[in-house]
Amino acid sequence: MLIVDKEGILIRYNVKMEKSMTPEEAAAELYPKDELYKPIAEAIFEGEEDDVIEGLEAAIAAGKDPIALIDDILMVGMKIVTDLYDQGVIFLPNVMMSADAMLEGIEFCKSESGASPVTKGKIVVHVAEGDVHDIGKSIVAALLRAAGYEVVDLGRDCPVDEVIEAVKKEKPMMLTGTALMTTTMYAFKEVNDRLVEGGLSLPFQCGGGAVNQDFVGTYSLGVYGEEAADAPKMADAILAGADIAALRTRFHTH
Amino acid sequence: MLIVDKEGILIRYNVKMEKSMTPEEAAAELYPKDELYKPIAEAIFEGEEDDVIEGLEAAIAAGKDPIALIDDILMVGMKIVTDLYDQGVIFLPNVMMSADAMLEGIEFCKSESGASPVTKGKIVVHVAEGDVHDIGKSIVAALLRAAGYEVVDLGRDCPVDEVIEAVKKEKPMMLTGTALMTTTMYAFKEVNDRLVEGGLSLPFQCGGGAVNQDFVGTYSLGVYGEEAADAPKMADAILAGADIAALRTRFHTH
Amino acid sequence: MAINRFTTMAYSEADEMVFGNAKKPVKAGLDLEIGAGYTTAEVNYAPRPEAGETQEKLVNEYQRITKDIMARMVQVGFPSVVLETEHVQQMTNNPAWGAAVAHAQKTIMEEYNEEYGIKCALRHTPGDIREDKEFLGLRGDKMTVVMESFDQVAESGADLLSIESMGGKEIFDYAVLRNDVPGMLYAIGCLGSMDMGYLWQEIAKVAQQKGVTAAGDTDCAQANTAMFIAGGLLDKNLAHTLAIVARAISAPRSLTAYEAGAVGPGKDCGYENIIVKAISGMPMSFEGKTSTCAHSDVMGNLIMQCCDLWSNESVEYHAEFGGTTVQCWSESLNYDCALMNTALKSGNEKILRDLLMASDRFRDPQSYILAYDNAYKVGEAIVKDGEDIFLRAKNAGMECCNILNGSEGLDMTKFELGALAKATAEFEALTSESETFMSDCMEKYSAEVPVFKPENYGL
Amino acid sequence: MAINRFTTMAYSEADEMVFGNAKKPVKAGLDLEIGAGYTTAEVNYAPRPEAGETQEKLVNEYQRITKDIMARMVQVGFPSVVLETEHVQQMTNNPAWGAAVAHAQKTIMEEYNEEYGIKCALRHTPGDIREDKEFLGLRGDKMTVVMESFDQVAESGADLLSIESMGGKEIFDYAVLRNDVPGMLYAIGCLGSMDMGYLWQEIAKVAQQKGVTAAGDTDCAQANTAMFIAGGLLDKNLAHTLAIVARAISAPRSLTAYEAGAVGPGKDCGYENIIVKAISGMPMSFEGKTSTCAHSDVMGNLIMQCCDLWSNESVEYHAEFGGTTVQCWSESLNYDCALMNTALKSGNEKILRDLLMASDRFRDPQSYILAYDNAYKVGEAIVKDGEDIFLRAKNAGMECCNILNGSEGLDMTKFELGALAKATAEFEALTSESETFMSDCMEKYSAEVPVFKPENYGL
């Protein structure tokens, strides 16, 4: 059998470019100093739900307000995770597991206080009618939740009617759509036209394998999203006052 | 050096499928029996202009009418050539050379009689504006001439205005366009629209590397031509009464 | 039909495997023999979206595609070709549509075979439509439609029957985004294999009745999904070490088709086919450097190492400067095959195979494992416990981890190594008892995955 | 700059030639060396028609193209890449547009080179716009615009300068449709070479001033036109034996660039480059089985035999399932290169070269002559009378006929044989006196070809 050294044939750019710090080391630099908060942030990073609850119990026992804890530590801990993801230090499954742990923590805080926290905003997500490819959509939903948004997930193969109904009912700050097939992405145009007809004007973020910026640019509410990680950035931009034109300027980079 | 027999690796389908007759044998079977006509047909097949003239001189000396000779032998001889081309027995350069010889013959007959023969019809050919690829157009023109049509050749990179002017002036039975670049073929749409605007309704045969049937089908006068050899067939069909719809039915085979 | 598990390797050593040769060649279609000493291109295509509106438009589109390909083959002098039609959903949901397409395509192929003597065969791959909006519905009415589709395409001219079945996918989608190795093992190795056993016995029956070939299945829905999420070297959605664990586990799953009556050629997108070929000796289709029209690849050359058919996976039908897409890609594929066939004919096939393999061996953990020598080892781990679908899948995953842990010349990132260490530990902590594992998983995933319905698997 | 004719072969025997190695490698761009022991992909692309409307849109389109390619390269781990921008006419006619595109592309390439260390270079190929609607205008105002374009792209980031020059084309277009071998010889061998000498001394001067590389030219306008008209095996527009005669004659013509100061890499679509490499020892680009996006080929593998750069010729920028077209094709090309580089590294390059050659040697008369051993012989016939542009072109055509007449293992049709016999006889009947030939042709074609203007060639 012929074994040939890779030098000159290929370059593992991922190995070549790798940050020298381990994810754990990088995270450790970012944890809050507070004795009560640090273990919770750590538990979120590790994706250990039980440890998150344990940490929260300790904090509540020490007099912290459960609802305040959501913003003060759960969201803070999660931000460490998503920042590291954005920097390429950690990978998506870590984010997913951390998000699961954080969401458990929020549920726990809510049940402890009996009150509901104010979320950053509500977002409706869906996969285009006729399309069953829903992994990208699930990632988008998870990252939005991880960033503190309330997500209404309409699932895959979602009829245009249902999308319009949901927007009417939920009054979200933005709507996302995912399509992986050239045959299904045209549903976005229809959703757009029905929204406009109904006087519903909100940014309609579209992404997924089949979709491209040129296509999304052809309907008035459309904003193209390349990576799932762009979804929370778009939502944040909306909170900061960006309209559709501004969103396009920022996210239509091609 | 490694030499590997082709068996199992490739098949020369052209060799495998080759007709057993040589072109000369195939042509010999088709020549007219007439002693005066046969040498002329042969000379056309060989593309020997001087022999064509010699044969015509002999026929005229024997009392044949120069203008009648055009139809009776020059066109007949040329048809042998184009039929053999259609059957794949001979190749294009033979057709081109035969056509040159036949056209010389026609000129000779005309000068002998002083009169002008009636052609089967007039056809305007051009290459789309902005496009210099003119070989396909030259082949189309040659085959149309070979089939007895009068061709007005507007050349390459031909502005839309000039095409419209030529159609107005020449009143051809059909117009052809050739385009090899995706950037230039849109000129055909413009030509079409300007013709329609001007109330000029004639079949507009379009072909060339960049052009396809779907595109040509989008404008009202368009008929798609795949091979140059289709051009005389289309003209013949028009003479036989076909309108644009009928031409499309026959030539839009994809 | 019964299920006969593989408990031995078809090849006595890895080095025996080459492209264009399978222990058990398959005759199919018009004069074609697959794995019988030469490779053949398998051309794949997708109709343009507009073409799906009516049956007539769709048939017309496939006629154009078929004519274009056959015409190009004879223009460049290629001796053989396979066409694969992966159904768009209308074609499976309306079995008559699929049948009309198969008939139209086969008619053209017969004309070319008659006129030029070109060897050819037609594969049809109905979509696995056994689901509704929320849930998989593997065993209900939709199963009937799928079988009706197979029946009709076989009747109308399809020579090779395939499907990319979805069993286990609801658990897998959940597990893959959570680095959940036992979950992937359950989804692919257990549920996937169980569904395939059920489904493929039926397909093999149809094939037998109609005198056509039950070809094979791939773990597109799971191992390929993992591979796609893993992506290129710089993507950060899934460790490539985990993607290859999923792939290793998918080999015993895809093997099930051949245990239930299929005989190959396995379908193109099954990168696990190299392991399946080592075990079954049946011919396999692969795709790689000449399927970039459909997806990027981190082992474009390597995966060609032992192919019998060589595919472009899928390309939308449209025009390019050089002709239509199907003409461009079919020509490129065939040149690859001409190179392999020249090597075969001149006795240089092992050198070429090794060059293909060596070019990507260290490109990625995935290519490292699928290099034919390592793939063979994974195969051995599978047949060792060939009768137990859980154990053999677990073996495959563990062997994959072991080979990576002991790899030489392969550089991995810390992240890949971390995921590998975690997977290795999880495998080691697992029970060896199939029943224990099955019931633990049933409990865990029934609770965690709302769309999981055990009755889909007869559980 | 002066013209120094080649009168000896760079290689002492045909077998010395392989892919990835040239006697005279060329350093260019960012850390790249061409022909220095490895092959590199050369990616080509055409903007979408709409993108040509304004300079801004065009620059934007090329930025997307460049980014897409560079991103794909690092995702799959390829060590090097060349980008070739063949100007659309707006870019040459407005030299500032071409310059803006070159600058935008190079900026992105520099970023990738800096961040990842990927080796890369940018080729710009202005269009040969030296003509008006009716006539070639090789030496007038249009020449000034072309040189201005070279000057500006070189200033703005282009590393390699090329053009596909058109000298002789007005005669060739007439001759090729009439099987007129002396006409092709006059067009390509004499007029083409004369124009190239004139043009390339100027280009070499610009390159020297700007510190970039004068790369090379191809006989696209003539030999490739013949190859396209000849088409596939079943086309009947031109005998393939005549197409290869035109190709053989084009070798001494394209060689002129290197005699006037160019140093390679020769441009992709020059199938004559194999002969040019044998004579000049300079690195060459080729295209074949992985340029089916641009055209079909009857020697897709063979033509890869001795490439230094490996190209896809041209593909329109648009989306495919697997990414944009430039990403798909650049990845496929690079896998071909990875295979060749693996062979080079393991000492198996001659076996792979021979397999590539053997796969197509007998596919067509054209591939037979361009097999490296026969190409070398044509090269020898050229350098024998290297100082006389007429004689060496005639020698090339005659040697081509001789090799075909004595071919072994190549089946030709009666039609091909007939055309070959006629060409052979015509060559034998030709004068050996350059001056006689030139003045005879001048008389004949001035009469027969209305668009022929001798002043284009300083005649």
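Note that the chains take the letters A, B, C and D in the order they are written out, and that residue 1 is the start of every chain.
Everything that follows uses one rule, which is that a contact is a pair of C-beta atoms (placed from the backbone, for glycine too) under 8 Å apart; a residue touches a chain by one contact, two chains touch by 3 or more.
Given the structure is predicted, the values throughout are model-derived calculations rather than measurements.
Undergrad: Between chain C and chain D, what's the gap in Å when you average each chain's C-alpha atoms?
TA: Distance between chain centres: 40 Å.
Undergrad: So how far apart, in whole Å, are chain B and chain D when each is placed at the average of its C-alpha atoms?
TA: Centre separation, chain B to chain D: 32 Å.
Undergrad: Provide the C-alpha centroid distance between chain B and chain C, rounded to the nearest whole angstrom.
TA: Using C-alpha averages as centres, the distance is 50 Å.
Undergrad: Any chance you could list the residues of chain D touching two or more other chains?
TA: 46, 74-75, 77, 233-234, 316, 321, 338, 341-342, 346, 348, 351, 355, 358-360, 363
Undergrad: If you look at chain B, which of its residues touch at least two other chains?
TA: Residue numbers touching two or more other chains: 2, 4-5, 9-10, 12-13, 17, 182.
Undergrad: Should the pattern of chain-chain touching be classed as line, ring, star, complete or other?
TA: Shape = other; not a path, cycle, star or full graph.
Undergrad: Which chains touch, pair by pair?
TA: By the stated definition, chains touch in these pairs: A-C, A-D, B-C, B-D, C-D.
Undergrad: Please name which positions on chain D make contact with chain A in the complex.
TA: Residue positions touching the partner: 37-38, 64, 67, 74-75, 77-79, 115-118, 319, 321, 338, 341-342, 345-346, 348.
Undergrad: Could you pull out which chain C residues touch chain D in their complex?
TA: 46, 72, 74-77, 231-235, 288-298, 300-301, 314-316, 320-323, 327-329, 331-332, 335-336, 338-339, 341-343, 346, 348, 351-352, 355-356, 358-360, 363-364
Undergrad: Contact residues on chain A for chain C in the complex?
TA: 1-6, 9-10, 12-15, 17-18, 22-23, 85, 88, 90-94, 96-97, 100, 130, 132, 134-135, 138-139, 142, 155-157, 182-183, 186
Undergrad: What part of chain A is in contact with chain D in the complex they form?
TA: 2, 4-5, 7-13, 16-17, 182, 209-210, 212, 254
Undergrad: Going by the contact rule at the top, pick out the chain C residues touching chain A in the complex.
TA: So the residues of chain C touching chain A come out as 14-15, 46, 49, 52, 88-89, 131, 133-134, 173, 176-179, 225, 229, 233-234, 236-239, 242, 316, 351, 354-355, 357-363, 373, 409, 411-415, 418-419.
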